[in-house]
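What follows is subunit A paired twice: with subunit B in the first complex and subunit C in the second.
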Partner chain A sequence: MTASTLTPVRRSRSRPPAALWVLLVPFLVMFALFFVAPIVFAVVDSLFAQKSSGLGLTAPTREFVFMDNYVAALSSPAFLASLGRLVAFSAIEVPLMVVTALALALLLGAAAARFPRLFRVTYFMPYGVPGVIAALLWGFLYIPATSPVLQLLGAVGIHANPLSSDAVLFAIANIALWGFAGYNMLILIAALDAIPSDLYEAARLDGAGEWRVIWHIKLPLIRPSIVLITLFTIIGTLQLFVEPLVLRPLTTAISSDYTPNLAAYNQAFTQGNPNLAAAMAVIVALLAFAFSALFLRIVNRKGNRAW
Partner chain B sequence: MPQRAHRRLRTSAILAGAVVATLALASCSSGETPSADGPVELTFQSWVPNIDQAVDAFNEAHDDIHVTLETITAGPDGGYAKMLSAVQAGDPADVAQVGYDAVPDFLVNDALEDITEYVADDADRFTEWQWETGVFDDRVYSIPQASGPLGQFYRKDIFDSLGLAAPTTWEEYYAAAKAIRASDPNRYIAAFAFNQAPWLIGLSQQGGGEWFSTEGDAWNVAIDDEATLEVAEFWQRLIDEDLVKIEADFSSEWNADIQNGNVASWISGSWADAIVRGTAPDTAGSWAVAPMPQWSDGETVSATWAGGSANVVLKGSKHPEEAAEFALWLNSEPESVSILTSVGAGWPAITDLESIPSLQDDPEVFAFYGGQDIWDVFAESDAAVAATWKWPPLSQTLFASLTDNVKAAVEAGTPLTEAYVATQADFVAALEDKGISVAE
Partner chain C sequence: MVTTEAPARPGTRPPRASVSAPGARAPRTPRPGGVAGAVLVNAALVVASVYFLLPIAWVLIAATKSPGDLYSTFGLWFSDSPQAWENLVALFTQDGGAFSIWILNSILYSGVGALVATVISAGAGYAFAKYDFPAKEALFWTILGGVLVPATVIALPLYFLLNAVGLTGSYWSVLLPCMVSPFGVYLARIHANASVPDEVIEAARIDGAGDLRIFGSIATRMMTPAIVTIFLFQFVTIWNNYLLPLVMLNDPKRFPITLGLTLWNSQTQRDPAFTTLVVTGSAVSVILLVVLMVSLQRFWKADLTAGATKG
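And now, the complex of A and B:
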């Protein structure tokens, strides 16, 4: 008995026990099937093109064109403009989202907060609404003819048009903000709840006010969660798709290649060019990877982690 | 007692389940071996509302074929993508709804069965220009269903109250637009539907534009031809003088404007009658339909809302012959065409209009339009459609690029004509990118 219980310990150092594989294999299979395989497929697809000839009324042939689709995507002014728009959108959305989520979390976590659970649920609720529905609802609110809010503003002489070209990025940011602020807030609240209360007690004894507690205790201790939601938001904004897709028919300010994802969708499903779409998708994926890596590098730069 | 009843219920449920399972198995096997034991099973993909009535009529009239309707998103909004993906995956529906403009797109993607041998003999039952939209190199690839000859749907009460008749020329249209705009700060003669490539194209076509023709083995592309630029300049004038509302049609805003009369008319295809009735049921009796305004007095030039709709047999269908038979019946059998017409599928593609009961008298429709027989207008419009219009491959690319360019022009305040010049360049480049020949 004793001998047999000892041996596995030694063996486990040389190779993992069978149980580990049993637990890992389902994950690895799914990971390969639904993550690695599509990426490989997209990369391969992006190196080919469908070519017709003559009047183009006969079956096309599939040709290896190497990097041509990437060149085509990156030399298309519309696609480059969509990349620029995305960066501008991230610049609006990421700080807005982090500050809002943080403010909500701190407000609900404050000792003076009333009905914190009720508000928590209320703020989180929009996350349960599918993005398409949310965008449709906001579409109603953005059009003067159907929006009670804009009609009210119009009655007092303020004529706002959220769907005009100079406001539409903010209009989209607003939809995304409502959708995800509650979700991010919950992550931050969980982190806040994990802070031992004796730290607050000690701070209060030392005479610290609410602001000092926030600044010197809460924020530094939930820093990993703030980094996490920032990263989520960066990746999320790079995937921007649903909101502009739904709002597009309502305004002249959103073209069919307004964001890179929309451009890829447009190529794949309306223009019948899945190969170019694959190249665009790979570019967006690389961009998301680069942005996330850059961000993590910046926040993890120093050991002391100064903000 | 209740317990016993419960048990009996359960037993019969199990029995019923077993029966259903057997039936399902039977129908599965019959799907693979036609006519041996049960009807051939076909799937039909369409987005036409209430087309199930016509499908039911087919199923009732046929013992050997059974068709299941699958309602999908309208083609340009995702339906085509679904069809083409299914063809690629090797599991397509048998028959599908495809716009005339999209048939070449499907050919380019090698997604259509050649149905010449099954249907060629029936060509003369259809109007020639509609039949020809499905014929390439003397091979038949689609059965025309319906077209959308253009007409003006207008609020007769509003026009009457301003002493206006429906404009017969575009100059009169301009004058009417001014009068309507002046009558109410919220009211416009029409929406400028920047989102609708088919509408923009229909207007150009009616103005005499002929964008595509073939020259040997190459396409001539003339999106910025003189006629089109003149039409663009006309609408530019209406936009500049704030006489049309820049608004997407079919949007919630537009729906509201149609209901409350802020948009007093709509140039659209014949099928729009069902949309107007459905959108603004409260305005029954106050609408009327007039022929298209003309560019020169006394002419009767018309066009369509980018063609019409056809039914194709998708490549990979296990029963192309039965599928072609269904498509043919659906679109030429008077019983079926009558249903299609009354549900708003469009203007029938068949020549024998006399045989269609719903075109002779449709109390509900005529009452909505103040007792007018609106089909007279569309019969004339359909006969006046320029039959030479040809669709090239990549029409979806054309639509996307046209609406993008028109949107950009409206947004930036640059001339509309430039949008057509840009679309010309975009489209020639798109064809060449695909290896398709363009004549210079």
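And now, the complex of A and C:
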């Protein structure tokens, strides 16, 4: 470092110093290699196809087919069904997650709450359980032979089957809720903690009750965090992969292309069609962007403050 | 929480704690209906903890049972002939001690991956917060856009890319991609903005400190809570990762716990003894992470820079 002591104050505003590049370049290089490059590769790859000669005697050649893979993916009834399933799953999971995380954060912030720190760490604990293991555990809890919950329900005459084709989407939503509600709750608690306590004092001096404080102070002030966790949940739900993969041996309600990601994984590694898989992955990414953009448009629309 | 700052910073103090804080007003008088409300709030908290603890309690109890008892006894109580020790011995001796190797691999992937990710995203986040350079905002939004890209969209093409350079199957194939945390850059930038005042940087410059030294010994100290948060979240993200190792690895010697347990789980239909291994292995890995999360819990909120901005 050549620290010029002559113009120390102006340096940050004029020519960027060498230190900037030391700080910035490692991340940018890694980001380019392991984030941007795969995306570019996927987009390019999705425009090509492997064409082998009829007998398979010569090596397959790579041909530019433009949108053919997308047409093939979007005209496959199974893939369309998996996209539909994904949208349905999002419609279940996103509101469930946001409302649960919000309820937990507000409950823990209530003046009457006892042992808030103990409860907070309890709710957050499942976040440390890998999704695979969470799915394995809930799998046991979804089977009457091993599930104490189903056994207790059965004892009072309720025979539920969470893995039936009607219920399995909710069973999967429950696993994701269990794993991530505490994490989202923590983000909301951090936002709630940042609200200056004078605001509560003032509201209470004005005679506002707990509900009015929630409605008129807490919710409006943590709005950005609510938007953030909603966005993360939308992205997360569109990645649905692990839970159906783990639950699949337990039920016939989950097919090998139950979600677009499962379908893409199968195309890439068991069907040997990485180009189609790339197209499917790009479709999921576009869907994620479309949903995120749509959601942000709705919440940012002028005058949309009616909580 | 280990905050020791004076009550002059209301913004950093949880509202519920401020009720009993020194200098706070006298406790407010209970309103009518306050008792019923308190009972409802606490009942809801208890119900929620039953829900979140249920699978954990189940697996800890199930890990003490023989394969037969797993299916024939009530799930939330111990069987008459517990065999936790036998299950643990079986877990750690199966496949030549594979489970211990998976634990070590998980620690390696998560520890090294999160460490490097934290260092480079803290540096980048600080650079975004404190320097001006061409195309800064465009670059930042591109990185932030990375948060929105589903991991599956990255993992599949990454396999083909790393395959082309012969890296698939190696430790690097999992480690390197885990070292990128766009969300970490975002967190580091907002925290550097909030907790490293420009005046401190200018003062250090006047005292003759170089930019890297200012970052390394002053800014990182003020950003410690953010840095710890980035590390913890990246650690857990890598620990919980499944798709990336699934795509990249084929040698069970390099598997993390998640992949190893599903490998065993896929063999339960051939040999039911694997069910006990999967259950006991799940219990052990749940205990590992719960210990980690509970013991590090105080770091998530620890306001270590308190006072640093006042001098």
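By definition in this document, the second predicted complex is superposed on the first by the 280 of 307 C-alpha atoms of A that agree within 3 Å, B and C clash if a C-alpha of one lies under 4 Å from a C-alpha of the other, contacts with A are read in each partner's own complex, and residues count from 1 in each chain.
One rule holds in what follows: a residue touches a chain if its C-beta (ideal position, glycine included) is under 8 Å from a C-beta of that chain, and two chains touch if they have at least 3 such contacts.
No experiment lies behind these values; they were computed from the predicted model shown.
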{"item": "First, second, both or neither for A:158, with subunit B first and subunit C second", "value": "neither"}
{"item": "Which of subunit B and subunit C A:268 touches, first, second, both or neither", "value": "both"}
{"item": "First (subunit B), second (subunit C), both or neither touched by A:238", "value": "second"}
{"item": "Touching partner for A:127 - first (subunit B), second (subunit C), both, neither", "value": "second"}
{"item": "Partner chain in contact with A:145 - subunit B first, subunit C second, else both or neither", "value": "both"}
{"item": "More subunit A residues in contact [subunit B versus subunit C]", "value": "C"}
{"item": "Touching partner for A:72 - first (subunit B), second (subunit C), both, neither", "value": "first"}
{"item": "First, second, both or neither for A:59, with subunit B first and subunit C second", "value": "first"}
{"item": "Touching partner for A:249 - first (subunit B), second (subunit C), both, neither", "value": "both"}
{"item": "Residues on subunit A lying within both footprints (that of subunit B and that of subunit C)", "value": "140, 145-146, 249, 268-269"}
{"item": "Parts of subunit A lying in touch with subunit C, wherever the complex brings them together", "value": "1, 3, 5, 8-9, 11-13, 16-17, 19-20, 22-24, 26-28, 30-31, 33-35, 37-39, 41-42, 45, 103-104, 107-117, 119, 121-134, 136-138, 140-141, 145-149, 151, 178, 181-182, 186, 189, 192-198, 200-201, 204, 209-210, 231, 235, 238-239, 241-242, 246, 249, 261, 264-265, 268-269, 274, 277-278, 281-282, 284-285, 288-289, 292"}
{"item": "Touch list for subunit B against partner subunit A, complex", "value": "76, 78, 80-81, 84, 104-105, 107-110, 136-137, 194-195, 214, 217-219, 246, 248, 250-253, 256-257, 262, 392-394, 396-397, 399-400, 403-404, 407-408, 410-411, 430-431, 433-437"}
{"item": "Sites on subunit C touched by subunit A in the complex", "value": "1, 10-16, 18-19, 25, 28, 31, 34, 37-38, 41-42, 44-45, 48-49, 51-56, 58-59, 62, 70-71, 74-76, 119-121, 123-124, 126-128, 130-133, 139, 143, 146-161, 176-177, 179-180, 182, 185, 201-202, 205-206, 208-213, 215, 236, 239-243, 247, 257-258, 261-262, 265-266, 269, 278-279, 282, 285-286, 289-290, 292-294, 297, 300"}
{"item": "Residues of subunit A that touch subunit B when the two form their complex", "value": "50-60, 72, 78, 139-140, 143-146, 165, 249-253, 255-257, 266, 268-272"}
